[in-house]
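I have a structure here, written as structure tokens, and I will follow up with some questions on it.
Going by the order they are written in, the chains are A, B, C and D; count residues from 1 in each one.
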Amino acid sequence: MIVAMQSHATDEQIQNVIERMVELGFNVHRTTGETQTILAGVGTPSHFEVTEFQVLSGVHQAYRISSPYKLAGRGFRPEGTRITFPNGLVIGGDEIVVMAGPCSVESRDQIRLSASQVAAAGARFLRGGAYKPRSSPYSFQGMGVEGLKIMRDAADEYGLLVITEVMEISQIEQMLPYIDCFQVGARNMQNFNLLRELGQVRKPVAMKRGLAATIEEVLLSAEYILSGGNYDLMLVERGIRTFETATRNTMDISAIPVLKKLTHLPVLGDPSHGVGIRDFVPPMALASVAAGADGLLIEMHPNPDKAMSDGAQSLRPEQLTELIAKLRKLAPVVDRSISPAVDAVTA
Amino acid sequence: MIVAMQSHATDEQIQNVIERMVELGFNVHRTTGETQTILAGVGTPSHFEVTEFQVLSGVHQAYRISSPYKLAGRGFRPEGTRITFPNGLVIGGDEIVVMAGPCSVESRDQIRLSASQVAAAGARFLRGGAYKPRSSPYSFQGMGVEGLKIMRDAADEYGLLVITEVMEISQIEQMLPYIDCFQVGARNMQNFNLLRELGQVRKPVAMKRGLAATIEEVLLSAEYILSGGNYDLMLVERGIRTFETATRNTMDISAIPVLKKLTHLPVLGDPSHGVGIRDFVPPMALASVAAGADGLLIEMHPNPDKAMSDGAQSLRPEQLTELIAKLRKLAPVVDRSISPAVDAVTA
Amino acid sequence: MIVAMQSHATDEQIQNVIERMVELGFNVHRTTGETQTILAGVGTPSHFEVTEFQVLSGVHQAYRISSPYKLAGRGFRPEGTRITFPNGLVIGGDEIVVMAGPCSVESRDQIRLSASQVAAAGARFLRGGAYKPRSSPYSFQGMGVEGLKIMRDAADEYGLLVITEVMEISQIEQMLPYIDCFQVGARNMQNFNLLRELGQVRKPVAMKRGLAATIEEVLLSAEYILSGGNYDLMLVERGIRTFETATRNTMDISAIPVLKKLTHLPVLGDPSHGVGIRDFVPPMALASVAAGADGLLIEMHPNPDKAMSDGAQSLRPEQLTELIAKLRKLAPVVDRSISPAVDAVTA
Amino acid sequence: MIVAMQSHATDEQIQNVIERMVELGFNVHRTTGETQTILAGVGTPSHFEVTEFQVLSGVHQAYRISSPYKLAGRGFRPEGTRITFPNGLVIGGDEIVVMAGPCSVESRDQIRLSASQVAAAGARFLRGGAYKPRSSPYSFQGMGVEGLKIMRDAADEYGLLVITEVMEISQIEQMLPYIDCFQVGARNMQNFNLLRELGQVRKPVAMKRGLAATIEEVLLSAEYILSGGNYDLMLVERGIRTFETATRNTMDISAIPVLKKLTHLPVLGDPSHGVGIRDFVPPMALASVAAGADGLLIEMHPNPDKAMSDGAQSLRPEQLTELIAKLRKLAPVVDRSISPAVDAVTA
């Protein structure tokens, strides 16, 4: 930490700041200039708040130097994290992995049809919500465990993995038998108790960025999961809230290369929530991969006009097929590849 | 709902939209202009998503007309909600109620001292966190139930009520015996399962606005609690996230009069989190009341320089006393009053 | 400036940074910790960009310590700037000054009527736009010099001063004979050529904050005017752009106390543009003064329903009268006063 | 326009709204529902403000249906605008055009060297600022006309076109002989007088999106230039201001496909200002093209560490070469191409 004192700070004020720094466990180096004294705190106290120093009397400004996250930092695992799934699929390696499916699990038929279309298009994960966080209490709230079973069956039939959202600690246990990856929604990115529990689990997690979360906060939330011992974590950029209303959110594509630099964790793009309008999902999916994403989360519905939720942002099946075909051509430009479609594999 | 078709929309496209509207339960009125057809949907289907219509073929724009919230709307209770507490204190009436205390419960002595100072200054509620949501897993995480007991004892001794944050469904039961009001933090404003449970409780709730929540979303979240049958709800403006970095958040003072117009629920201001810097808390507290707030949530710590969290934004005891003295003069300007200090009452 | 090197920075990288700092005119103090080297640059080079250091190889983070503005800083004139107008009115002193009038000058009758109402309500300035910056080229664009003459005449008749917006360097000369204060609009806050010219003028200026301008940028723009020798400058908070759509902008009331601390310049609130909806203007005006504003800019129109621009946010005459009456009661709470209405003075 | 009345609106209120609509030139169609009356205004009055209706008594909500821009809309020229330059280069066609060069013109040598590197890398335009809008009055302010001559000479020598920023009406005349394209900076996107003058010029213009400008405002500003008769206009996405501080701005990549749908004008990406950090410029350039951009504006400096401005975001020459090589591979994925490097052409 560095504390820059005001130019007219008194010796007493300076001493007071030094004492507080020492109290927290810093070694303090003092630089006395013509007009200003600067205090550099060396060492790494387990926790402290830099704002506390900003309001001490005589302080001009205080800065934290070391990142407040440790396990999430790129330095912890410079080569990057690779997450391996039961069927051998790896996220964080050369392949760009597409996860696709409807917003909500609505029925067995809808999911089976979705799974066949998702697999045929070349995606490797079936996504879909069994528990739905809806901003209105009067909206459809999800099928629960029944929905999980439906997803598992359909995914197995078509050689897919299952990713779905967990909303609450009590759901973790019941989800474990059915899924391959937990998804933490944007609204739960700072539900720290939930994150802590997911740190205890031995199953991969994909955590979405909150609507107003800074990149540093994303990494601090990641720290909650990692510090519990669960290192199979991916981060998902899914749009932040800005003044622009032409799109549902503003997808922060630059967060992808920034995260890839700051952390060793794989980064996915979620263009469906990022823009929220079907026709803009394919260009934003391409942009995500061009910017360095390790994978994509995409909403697709067999019949979006009849979807029970988020139909407006769900691709039609043929749009998904076309998009993945384009991604397959794009991947080599950024030195990556796209897994071949499942039917090609099983053939 | 209103759907404005594109100027070149075909009859088939128009028919398709009309059918979907009827399917949802609308009566459709059609206005055919020289260049454009407009469809007005009359009636109130239980739920539908306006975005679904925005992507139908031939649609120019679709608008929701009726508010998606019902119980929270001002029309539901035009005279305004008044919440009465066990000691007779009313929020939402003439009196402006101040709730004050430290960010975290740290020890019995700290809370007892805080309670005496809070009461002496003229506040009516003791606030303080027993469970703390911290963005870093390495920060202090709170005292739990032990902290609740400490608060209850101190509050009783000084004639105060207790408000504290609930972070998780499992905490509700254990909190009930000790508190007078649940506080839902900004990060949990869209934790819908928690809100639903709080709708089942018969104890007042103060729900904070999320960092990136629109006013409409605040009211939709309120609807979750109200629709469970718990009408003793207050809303709290505590700052939104913007590009400005000179303050911790940007306190949206205009949300206070806007909420007062849209809803019957009492509205509190939380200037401590709103600005995050001690010296700016008093002017923002005055501004909140000038703009129509029914009460204030304010952080005060007997010794902010030693606080375990949020010390930078906590008032010193004498600052709280001075602030409430000013509020007492301000209240009549906006046709309100401030409760006399507790010792005056008990005398 | 402070540069914190990465923990694995090489001696060569450190030397390179030191050389660049010295080149710019800094004296460099080096602190070598166990894992990290910190370089403190003491001195005040005329200009440098801190971002330049952030991308030098081996650098972890770089911080500017001294404010990039000098004349605008509170330290330059700790007692605060007081601007005296020809009729003796002072802004920045004890009195809170209200400036009111229609958005646009539409006709001689409209302005004469406005002036009489503004004066009767107790405002001291007549405001109104003769040149209008409109976001659509098809909207009303203003009356120009003819409008200025109309304002001057009406203001003189009712003992008011005149404030109006300057949009372009070429307008300055023609405005000088008619006005008492230039207003720089939000869209021109970073029109640096215009600011520089206004620095050469010897007439007060009220500069509005840009829609996306940080407080630091407001002060840097102020520096352009001050460094030309024009010290009669006021700053105006008029709302920033956020994700909230319930109001036209989000009025950043906290900018008022923050600016009052950082700079010696008087600060005005403009609640009309801040919220953009008539009924919320009075509470936001009260909030501005409660938070420390030295004055207010308020839109009032004799018949807002017929206004050629911004009618939705213009107060009706009786609302202005009622608002100023409330402000008169509020002022003493924050140790200020409101000038008596003009007719009382001339009586 | 559509006006939805409140459910309890009186006949008098409804009549009042109808009269005002008719007064503006609308034909009004009335839909009377069980609880609510809806008024649809058909026709296209030259200008009106929808906010005016929102505050009329008895009105629940008012919506504008027709876009407030006409010439900028895709419908005006569905096939898309193609801008042809003197050397035959076309923007808006199949080719993706790269414009590159330093932030500021610093000297003849620097520009000559830049031009040779830019041309060799495969860019077609030399960019560079002769007049600089700097947020601090103490920063470098540009070389003026001398800088323009230097650019023209260097561009001619290496077969490039010249694009540079115009800051003020008075500069237009003096720039005309030296440049091929005017650039309007983000800070001037709502300098309507400047836009109007550029509408009179017969030379292409590239207008940048303002830091807080919505996409609709971008198109309204475009309308100012188009309505003067200058149809050779390009739009530039260069980042908006959000709460994220890890990057200089948040580049709104989704604005590219959204603009391509709403307007016929070519759209460029400016990743240098979009992210502001050298290492993230190449991924964001790739993302822009993947999302549909017609071209790129990129800062490159022969020696960024010594640049007089914006060195932190300028690519090194070899980075530009490598980036354009990648773009050449990416272009076919989105059915586009990249012009071959100039030396190949002249060979």
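In this section, a contact is a pair of C-beta atoms (placed from the backbone, for glycine too) under 8 Å apart; a residue touches a chain by one contact, two chains touch by 3 or more.
Please read all numbers here as calculations on a predicted model, not as lab measurements.
Student: Along the graph of touching chains, what's the shortest path length in steps from chain B to chain D?
Tutor: 1
Student: With centres defined by CA atoms only, which chain is the most remote from chain B?
Tutor: Most distant chain from chain B: D.
Student: Between chain C and chain D, what is the gap in Å from one C-alpha centre to the other?
Tutor: A distance of 27 Å separates the two centres.
Student: Just how far, in Å, is the C-alpha centre of chain C from the one of chain B?
Tutor: Each chain reduced to its C-alpha mean, chain B and chain C end up 31 Å apart.
Student: What's the distance between the Cα centroids of chain A and chain C, rounded to whole Å?
Tutor: 40
Student: Two or more other chains touching the same residue: where does that happen in chain A?
Tutor: 212, 240-243, 245, 279
Student: Building nodes from the protein chains and edges from chain pairs that touch, which of line, ring, star, complete or other describes the result?
Tutor: Looks like everything touches everything, fully connected.
Student: Please give the residue numbers of chain B that touch chain C in the complex, ascending.
Tutor: Touching chain C from chain B are residues 212, 214-216, 240, 242-247, 250-258, 261, 274-275, 279-280, 283-284, 286-292, 326, 329-330, 332-334.
Student: Tell me, which parts of chain C touch chain D in their complex?
Tutor: Interface residues on chain C, with respect to chain D: 20, 46-47, 49, 51-52, 54-56, 68-69, 133-140, 167-170, 187-188, 190-193, 196, 210-212, 217, 220-221, 223-224, 227, 240-241, 248, 276-279, 304-305, 307, 309-313.
Student: For chain D, which residues count as touching chain B in their complex?
Tutor: For this pair, the touching residues of chain D are 2, 4, 7, 27, 29, 31, 33-34, 36, 38, 40, 42-43, 60-61, 63, 65-66, 241-243, 245.
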